[in-house]
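Presented below are the structures under discussion, each in the form of structure tokens.
The two complexes that follow have subunit A in common; it is paired with subunit B in the first and with subunit C in the second.
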Partner chain A sequence: MSSSLAVSVAGLRGSRAAWAFGVLGVTWVAAVLFADGFDSLASFRYLVQTASFLGIVAIGQTLVVMMSGIDLSVSGVVALSAVVCAKVASGTGGGGASGIAVALLLCALVGAVNAAGVVWLRVPPMVMTLASGTILAGALLVYTDGSPSSAQVPLLNSLANDRVLGIPWAFVLWLALTAAAFWLLHLSRTGRYAFALGAGEDAARASGVPPASTAFIAYTACAVLAGVAGLVLLGFTGTSSLTMGNPYQLLSIASVVLGGTSILGGRGHLLGTVGGALLLTLLTALLTSWNLSEGVRQVVLGLLIIGLLLVYARERRT
Partner chain B sequence: MALLSVEKVSKSFAGNRVLADVSFEVGRGEVLALVGENGAGKSTVLSLITGLLTPDSGRVVFDGAPVARAWSPHRARAAGIGSVHQELSLNPHQSVAENVFLGSWPSRRGLVRARDLAARAEPLLARVGLDVDPRTPAGRLPLGRQQLVELAKALAGDPRLLILDEATSALDEDQVAAVFRVVRELREQGGAAIFVSHRMAELFAISDRLTVLKDGAVTATRAREDTDHDDVVRLMVGRELSDLFPPKAPPPSGEDSPEPLLRVRGLTVPRACSGIDLDLVPGRITGLGGLQGQGQREVLRALFGLARHAGDLALDGRPVRLASPRDAIRHRIAYVPEDRKIEGVHTVRSVRDNLVLPSMRQLAPARRLTTVSRGEEAALVEELIGRLRVKAASPAQEVRRLSGGNQQKVALAKWLPTGPRVLLLAEPTRGIDIGTKREIYHLLRRLADDGLAVLVTSGDTMELVGLCDEVAVLYEGTVVDRLGGPELTEERLVRASVMGTTSDADGTGSVVRA
Partner chain C sequence: MRERALAAARGNTDLLALAVLLLVLLIAYQHYDSSLLTPASITILSAQFLPLILAAAGQTTVMLTGGIDLSLGAVLALAMAVFATYDAQGAGGVITAAVLALLVAVGAGAVNGTLVAYAGLPPIVVTLAASFLWGGVTLVVLPQPGGTVPGGLVDAYNNGWNGVALPAVAVAVVLVGWKLLRTTRHGLALYAVGGNEHGAYASGLHTRGVKISGYALAGVFTGLAGIGLAVQTGSADPTIGAPYTLNSIAAAVLGGISFFGGVGRMRGTVLGALVIGLLTNLLLFTGISPFYQLVAQGVILVVALALKTYLTREAAV
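Let's look at the complex of A and B:
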């Protein structure tokens, strides 16, 4: 009796990801009923399109957080890929394929450096990625002389703005990347290793889990995904800037946590992060629609994140 | 009236009864020795006195007043109970003086002055025979001196009852003499002490009475004059074995002794053990005995690639290097660690995830792009749960919801699909109920019969004697005795562990390094 209760309780706790979608649904219905401009198909489309940018960064963040790491360099990586792609594309012309390739390669390199620092130099992930993000921001300032170029890359333009069967390509891309990350985290060997490392590094090592290769895969995937988000943003705005990645640093982590994943790693679900990213994008849009000033908006968003965390995503005491 | 009386206290952890109706008294001006094997309940009883735990039933009366439900270490200290344990509680980065007064720093208008602190610490340090600058960081002192700082810290609370729990285990003779001096002073002033040590000679040197605990119950309390070493050892050991242990392997017959699978020569782990020789033979269970912390744990960790080590290891006659757990696992060595919840299992993960983790290469092969086969996974989990009779509500249940015995079964079961040839187990039945202990003993014997070489460390003498074919006794990191066959008895094992010498028939004893 008590053991079957234990299982059902464990089952409830396991569905913290479902909470994210529950809160999302309630908020959305409320927005449609009570706020202006949320009842049209166009607004819905716009919402999932903008959520895609955050969502792509956040699935990468999920991979890293699950193995009890964290990536604070994603804001820098988003800017890196957009700025580099824009500069290369405006220099070479053409379809921008070379710009995209160079940008993503650089992002992968940043991810590998993050992993190397964490694994081999034993720098705590928070410090390592904060430092690499800071270095990136400075390097971009030097590289661009402070004035990043804008560029029209046709492929990225259509990826960010066009639709297929009425669905924005950006959203399709997000779903496709989510499917790939879902396989990596929940179906593959690497995912099992990531969960095991997050649940307890000592026990994971003593069971033969390879911490180094797992970290390299997670951090590199996270950086490449942040790079993809940067490219789509470049296509969306047509211009790159040094600060364009800044909102994504904390919002990507908030998406992961509001999606029910433990910030300490080892527990959670990738799909929860999708709900978290949609929820945060919707809340931001709602606050904007009330004509709150930028400052007030940030204060309210921060309070909402704390409130939601308290409701369903608190860390357990053990 | 006694200063402290423990009246019929009982305590259980997760249905596992560790203390049953334990009663004893400590009078003013008296030193009581609390004796018993590891796991007999000494630490639990002391934790009840110092307020770390509360009894399920019974009560503790200190100085005429029953201790309140809200008893706590802090209140115990304020009421006049000081304690020193084997495990250090010093902050290594703070000065000796800061540590001595930790939690009650004298301050002047909210400011703590290092000079005041040092000046007040000096007389206390002198009392425990420590000649150190009170401003030295505590972590810089050698272990024995840190232990004396702990004693000074206990004395800073001006205790009437001093509890010394294995507090002398890291001390040399002069330092032990200093501790005894403090205890005698306290006794003369009408205070009292409870003294716990594995060293028989110390117990008899300082105590007035001895209370012997066995399996959580008091077997006897004797005045020092009325007893001797042998009597106390007899009271500590000698339980009913019944069919707790499976029959042992037949002794190797004459010349054709089997080739060792894993041959260990001169294994040395810095600051833990040195020059260890072991032969692990298929079909046999080898034990590592000795008092707590004589290097047993590090031997196992070295053999699993978790501790840096020197020495020659050969598997099947070929030299091997074990630099990481992955090396060890590749050579089909498996390890069930002592701190089960840290290294053995992931408590927040499911039974299923724990059981399959070491088998990921087989379940998620490269030809399937490393996708885990759910079907094979479920079949494997079901087989293991059935084979070891793991009591879990479902494979999805989190391991932390299982009893200690079932957690241990998971920590052991997860290695079986990897086809281990050498099985290393540290304290395989610590904190486990007797029924599961029996199951684990029989399982280990079956595995040995199937051709595994098994190496077990245990602080439980009875377990080593009942389970193992041969036991190497460690003392301060070296093998001091090897017992097998009819020589393997609890009394000889305890004697070798306590005295650090072989138990020669003539009783003189000599240190042997094999």
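Let's look at the complex of A and C:
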């Protein structure tokens, strides 16, 4: 009796992505029951809308983490795309299409540089992406002279704020990108390669997995997704800033890990990350609704993340 | 015999290269600022470099055990905030404040280490989450920049005390302390656990305890760095820590500390920190916008690492 219970619990522990949604459900029910302002449709809508920004960055992060990389430059990339798009759009006028194109191209370039550093220069991913993030922060300071511009880009405004059939476009975009990333990671050959590289690089190489092209696809996709998030954020706030990406560096990784993906790579599920991003956004909203000071909020969030990780994200001892 | 000598020379090539690079930087520096070798300059420079050197030393002890500390900047800011918020009056007050700040930093490090050692969570995840935690605690202690440090101390630290460069002395004392610790079984245990955890465990080391002590020791270094930064600037800033996380990793990696643990020497880290510090200053001298500093730092880090990987790979073949 007790052994069968133990087996079922072990099975539950095995599916960490399900844990993310389980905790999310419990937290949400608790929020509806015990906190003010979480029971309306409008609040739910706002929640998924704001979760989209983090969620889009986090699915990109998942692609990189799965092949046992990490991208700490996403904060810089989010700011890069928003700042560049705002500057180009305010310079040229028009619908902002050129701004969007330039921004996303630059983001893809950053991703490719990250991959090149990791693959060819053999710089550890953490150092490579920290360094490229630092370079980006400096480059943006130089580019904007310290004062980034604000811009109204109609397309991005409606993407971030409008709704279709009552569903925020941002959320629709997030789901569409998730579907694309799901295909890339779980159904395509590249995804298999990423899992193989994450589970054991030497064995994967020996089996003929191409590490270079896989890394280029993963890092570029991650950077482009971070760029898309930056654009949506630009539409949401109508202004760009040099620090607007900062929260997403740690939170995107936290979403991935809370979503049940191993930070060491090779194990996890993309959909878990969606749960992780929703969970983190919900927790942040809850903490904000309690009128806690910024410091206390961070402390509680940090403790909650550590607690949740202890419950279901521990690495099996080898 | 000959092989061993060659191996020793090869093992020190990156340290040697780093020392040469530092020398070149110093000569360039001398060109821009001819007062480089005067006591006043040494005092100011050492005051400026102390936080980075000590932060990098903290990162080094963690990396030697095979870990990484992404919460280092947050802990540094926390120690700084505690030190400056405690309204120190007189020598006794300063010592109390310093002890408090150190205790807090060591405590934070020990918590990080315990989570890594006992929870089965990878260091990068633990310290990432801990950076929220310690960053939040810092904001509770000190919501916005402020706090005070006795003016006499600030003056003595930055301008020399009877002609003695206090920061340089402090760094030297800390490094001698590390040197002594390094020769004890505790110091060797750090290397052993980082180099081969299973082997260390099989040899009877309490590997979890060693890891915790590694993170706690990092807390000592980081706490001292935070105190130094507070004394240098005369106040505290709760958000000042973030760059120190990257720069401490950069200095350690430049200095030859391996990401996988067990390899590297503190003297390499110190050289790495000095190179980063001097380069930053040199960029200021050249008159280009300080905005380029970040760009240059990132580029130098990547180039140096890539070069080193390339060279060591050649040597290994």
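The rule is short, and it goes like this: the second predicted complex is superposed on the first by the 304 of 318 C-alpha atoms of A that agree within 3 Å, B and C clash if a C-alpha of one lies under 4 Å from a C-alpha of the other, contacts with A are read in each partner's own complex, and residues count from 1 in each chain.
The definition used in the following text is that contacts are C-beta pairs under 8 Å (C-beta built on N, C-alpha and C of every residue); 3 or more make two chains touch, one makes a residue touch a chain.
Values in this document were obtained by computation on a predicted structure and should not be read as measured data.
In the superposition on chain A, A:A112 makes contact with neither subunit B nor subunit C. Once the two complexes are overlaid on the shared chain, A:S207 sits against subunit B while remaining clear of subunit C.
Greater residue coverage of subunit A by touch, when subunit B is weighed against subunit C, goes to C. By the touch criterion stated above, A:L187 is placed in contact with subunit B alone, subunit C being left untouched. In the superposition on chain A, A:Q298 contacts subunit C only, with no contact to subunit B.
Touch criterion met: A:A196 reaches subunit B, while subunit C stays clear of it.
Within the complex formed with subunit A, the subunit B residues making contact are 304, 306, 324-326, 329, 335, 337, 342-349, 353, 356-358, 360-361, 363-364, 369-372, 393-394, 396-398, 400-401, 414.
Within the complex formed with subunit B, the subunit A residues making contact are 3-4, 6-7, 10, 183, 187-190, 192-193, 195-196, 199-200, 202-210, 266-267, 318. Contact residues of subunit A toward subunit C in the complex are 70, 117, 121-124, 126-128, 130-135, 137-139, 141-142, 145-146, 250, 253-254, 257, 263-264, 293-303, 305-306, 309-310, 313-317.
By the touch rule above, subunit C contacts subunit A in their complex via residues 68, 115, 119-122, 124-126, 128-141, 143, 246, 249-250, 253, 259, 289, 291-299, 301-302, 305-306, 309-310, 313.
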